[in-house]
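Mind looking over this structure? Questions follow.
So that you can tell them apart, the chains are marked A, B, C and D in the order they are listed, and the count of residues begins at 1 in each.
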Amino acid sequence: LQKKARGHAPSPQTLPPSLSEALEKKSYKLASRLNHIEDSLVSVNEVVIGGDHRTVIAGPCAVESEGQIMECAAQAKQQGAHILRGGCFKPRSSPYSFQGMGVEGLKLLENAGKEYGLPVVTEVMAIDQVEVVAKHSDLLQVGARNMQNFDLLRALGKAGKPVVLKRGLMATIDEWLSSAEYVMAHGNRDVILCERGIRSFDQSTRNTLDISAVPVVKERSHLPVIVDPSHAAGKWQYILDLSRASFAVGAHGIMIEIHPKPEEALSDGPQSLKFDRFEALMLAVSPWL
Amino acid sequence: LQKKARGHAPSPQTLPPSLSEALEKKSYKLASRLNHIEDSLVSVNEVVIGGDHRTVIAGPCAVESEGQIMECAAQAKQQGAHILRGGCFKPRSSPYSFQGMGVEGLKLLENAGKEYGLPVVTEVMAIDQVEVVAKHSDLLQVGARNMQNFDLLRALGKAGKPVVLKRGLMATIDEWLSSAEYVMAHGNRDVILCERGIRSFDQSTRNTLDISAVPVVKERSHLPVIVDPSHAAGKWQYILDLSRASFAVGAHGIMIEIHPKPEEALSDGPQSLKFDRFEALMLAVSPWL
Amino acid sequence: LQKKARGHAPSPQTLPPSLSEALEKKSYKLASRLNHIEDSLVSVNEVVIGGDHRTVIAGPCAVESEGQIMECAAQAKQQGAHILRGGCFKPRSSPYSFQGMGVEGLKLLENAGKEYGLPVVTEVMAIDQVEVVAKHSDLLQVGARNMQNFDLLRALGKAGKPVVLKRGLMATIDEWLSSAEYVMAHGNRDVILCERGIRSFDQSTRNTLDISAVPVVKERSHLPVIVDPSHAAGKWQYILDLSRASFAVGAHGIMIEIHPKPEEALSDGPQSLKFDRFEALMLAVSPWL
Amino acid sequence: LQKKARGHAPSPQTLPPSLSEALEKKSYKLASRLNHIEDSLVSVNEVVIGGDHRTVIAGPCAVESEGQIMECAAQAKQQGAHILRGGCFKPRSSPYSFQGMGVEGLKLLENAGKEYGLPVVTEVMAIDQVEVVAKHSDLLQVGARNMQNFDLLRALGKAGKPVVLKRGLMATIDEWLSSAEYVMAHGNRDVILCERGIRSFDQSTRNTLDISAVPVVKERSHLPVIVDPSHAAGKWQYILDLSRASFAVGAHGIMIEIHPKPEEALSDGPQSLKFDRFEALMLAVSPWL
């Protein structure tokens, strides 16, 4: 019963001819299921992402202080998350908003991960940050707004660390896979895709989680695909349900924002989970883990 | 474990003050959670929709012949579906496409339902069809394109049968609830909402399933809400995953298109499930049923 | 100079082969440029719409009283508008909003039109209104929310009066032309298309005027196409500019909401022009008239 | 008559209180009309953009050879365009598409501009290109996909040359102005906004030109705003009409792709105008110039 609920589909053995034909016309090759029929696995220290593995990434939107990131790391570990997130260089639509702690934050994040035995992931926004971020972080995230920052993608081909590539707010699935292709074609095969909601006309949620993107990506590509329900929903109360839905459609993982005191968060407070709510979420998704 | 996977949230006992305040400003009253704090239950013969109940509606896009609808009814019954669907008056974008079998189809659908002990649901497109459709069908469906056909909604207030109200392709959630309000304010409290995908920019799927609409609706309204993954995806291969996701976010049911020979269907063949695929779907969603 | 600014393109003499090939695959035939290479002209009493003619329709969102519609008619006539608009059956998203004056409003509108020598246009929302609306109004309007109310479209094929068909908020151009085909295939060739804005993600305007729909429609169809900048913008201050743009891309006309006291309007006040602003608009578009 | 068609609205003398109040809540300050009530003028050599000036930028999508850019420059000059465009670093969704001639192209563009007395504009995609692009080009363009590449925007604050900031395919107008604010807050007040179409559901045009963005921007900001109908439409046959519409709503300029042989272009051939069609366009917009 549990197995059915988990819904792990095995890697395909062969592709249907109609799919092969469709994939042959795509502009991406290395990212295509056509050229790598089995699911790819991406290793981050001892955590494996992809295939039958199911991964939870948790942490604050932004690293704000040593105490805050340590508390989050302790909580992530305790609840069974596998990877710690925390933004250091923050892409903010206004130049007057908090822009992140930068390199200082990177060090705090790295230490927190080490303290609790969790690999860490953080966003890299510019080519000249790649080296320092790759030094302190186990995974490098490309944000939605940079999904087609092609020079950054090229540079990440040489970064030597796996990349989490978020889907742009208005990117088609094929454009997203073509951006993965940039990283891969420049030398880095370890790319994890992350669906985080697209823009649409209803303002009930911050963005619209395109849940069917997960099976579509899994059909066209062998790369792992995870979901970020926090940015999709923008409101904490929908995140547990959307996490369950993410695993239900076969996502390889979820990325969740948590904060000891969301009402005091320097960014994205309304979508951050208090620790007890994160505990409830982990319980709710436990059948899939 | 199973219970966790099913994720049945009980009806709320009280509403958070911030939600109450938000709901007070809405233009819908009867449909609002504010005025009916517990989940509503809608009874269709012996089938109950809403609350802790989980319902599967299955059948062909359109009734095409006696043999076809009988085969579908037998399969629906055998796999454990609760209600039989089948279109008789078909809203087609072209006047030259198959427009449905009309009243003749209604009778075939009614007979198939009786033969297999399944209540039936079919679409009503115009006021002058309400009487005859209500005579032969247990549930009356309003299609996405008619979600704001206000005169039809008014007429359905007097139909004496429960209504399935599909969300328009471009309707906000509040507009959708306001359309439900039309039916309710004109005398019919038995409204079931059906999310069926919205329009967006990526053509990988026919429409974009707005999965977060389910928890948003459940927060704002006491009415049952179901999902139609067939019209959302438009391609059979994504429907099993999206069905699982629908239950995972707490939908009260799903509506699935099946056909003995999808490649010969007069409408919506590509999104119709063959019987063996429907069997696999029912197995996959069984933890929630 | 003036002629260049007006930009009246003559009807094409022949179609480019690539266009012919594309049009052959469309599901609309009677509405297609392929089957009627010259621009169609629609006559409404002595007003001709289409081809080289440029038409201004003006009036209140809704008929509210005899005084109000008479004032608007006087102003429309004085400023050189050709047709008087005024809603009598109003499609409102909430059942508790003002629903229009109905048949009483129709009579007031008809009288105001006769008093000032202006043909009138008003919306018809349901089949059972077609006869009475056709009796009192010279043009029958189908609203955006009813663009795919196929039973209504069929009924309008027999209405004996020209139809203004608004584009749905989420309708593709081909779906819009297919809806026109419904009216035409059921006996009424006098269809005027009206672009009124589509839904998108930016809330700066009520809807997003899809200005390029005008040249796209004129390429694919011989039917007249007009623009309703009032509903597209939703704010009076953008309407003059958008009216100019509409004529600049070759629209055959514009439909403008005016009101003697917009701040007291029962519907759509924010997008209604005061009379002096309408005068300024008519001066601004005069090079095209 | 001509003056009316041109529709140059003078800079406002005062702002309506409701607008002031709305602008006070925005996150952009330097870009806001609130803080600079008169239209800003941006000078590029002897060309002035903004206020009452109307500017035409023309050239190929990408610089492909010396001969090609020289031909385009000669044509641009002859038809009265004011600035020469030509891409050297090309943002392409696939890593296998033509990526531009890079620095070699920059030099060809610069020479062509000098030969014909036209300032030049080209795209800069990454921080490490800013210096070399600023050396050879008079205006630096930020592409739609980089609108929220905040590190690039910061670097452009120090570039010493005016910036053309294209709107992202899914950016709200306020996000777009906030991106301008990044450039301005980091030292560069010479920002020109460029509307180039947003994404929507109809595939008749490559993107949907949001024509009402022009009056909305002019209300909220003092910065010049131009339109790129070539990328919006994606098809040459709609570009003349959309150019006229751009000036009709008050845009300060247009940016047009031309090519001696569009069918042989290495990028964006279908939206590039042959020289005789560009001549027709310049004639059509001449009342505004």
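Here, a residue touches a chain if its C-beta (ideal position, glycine included) is under 8 Å from a C-beta of that chain, and two chains touch if they have at least 3 such contacts.
Since this is a predicted model, take the numbers as computed values, not measurements.
Chemist: Check every other chain and keep only those touching both subunit A and subunit C; list them.
Modeler: B, D
Chemist: When subunit A touches subunit B, do the two copies use mostly the same residue numbers, with over half shared, or different ones?
Modeler: At the contact between subunit A and subunit B, which are copies of one sequence, the residues are largely the same (over half shared).
Chemist: Could you compare the number of C-beta pairs in contact for C-D with that for B-C and name the larger?
Modeler: The greater number of contacts lies at C-D.
Chemist: Determine, using the mean of C-alpha atoms as each chain's centre, which chain is farthest from subunit D.
Modeler: The chain lying farthest from subunit D is B.
Chemist: Centroid from C-alpha atoms only, then distance subunit B to subunit D, rounded to Å. What do you get?
Modeler: One centre to the other, that is 47 Å.
Chemist: Rounded to the nearest whole Å, what is the centre-to-centre distance of subunit C and subunit D, using the mean of the C-alpha atoms as each centre?
Modeler: One centre to the other, that is 33 Å.
Chemist: Compute the distance, rounded to whole Å, between the mean C-alpha positions of subunit B and subunit C.
Modeler: Between these chains, centre-to-centre, one finds 34 Å.
Chemist: At which residue positions does subunit B touch at least two other chains?
Modeler: 170, 198-201, 203
Chemist: So how do the chains connect up here, line, ring, star, complete, or something else (other)?
Modeler: Contact pattern: complete, every chain touching every other.
Chemist: With touch defined as at the start, can you tell me which subunit A residues reach subunit D in the complex?
Modeler: Checking each residue of subunit A against subunit D gives 27-29, 91-97, 125-129, 145-152, 154, 168-170, 175, 178-179, 181-182, 185-186, 199.
Chemist: What residues on subunit A touch subunit B, complex-wise?
Modeler: Where subunit A meets subunit B, its residues are 1-2, 4-5, 7, 170, 172-174, 198, 200-205, 208-216, 219, 232-233, 237-238, 241-242, 244-250, 283-284, 286-287.
Chemist: Where on subunit B does subunit D make contact in their complex?
Modeler: Those residues of subunit B that touch subunit D are 199-201, 203.
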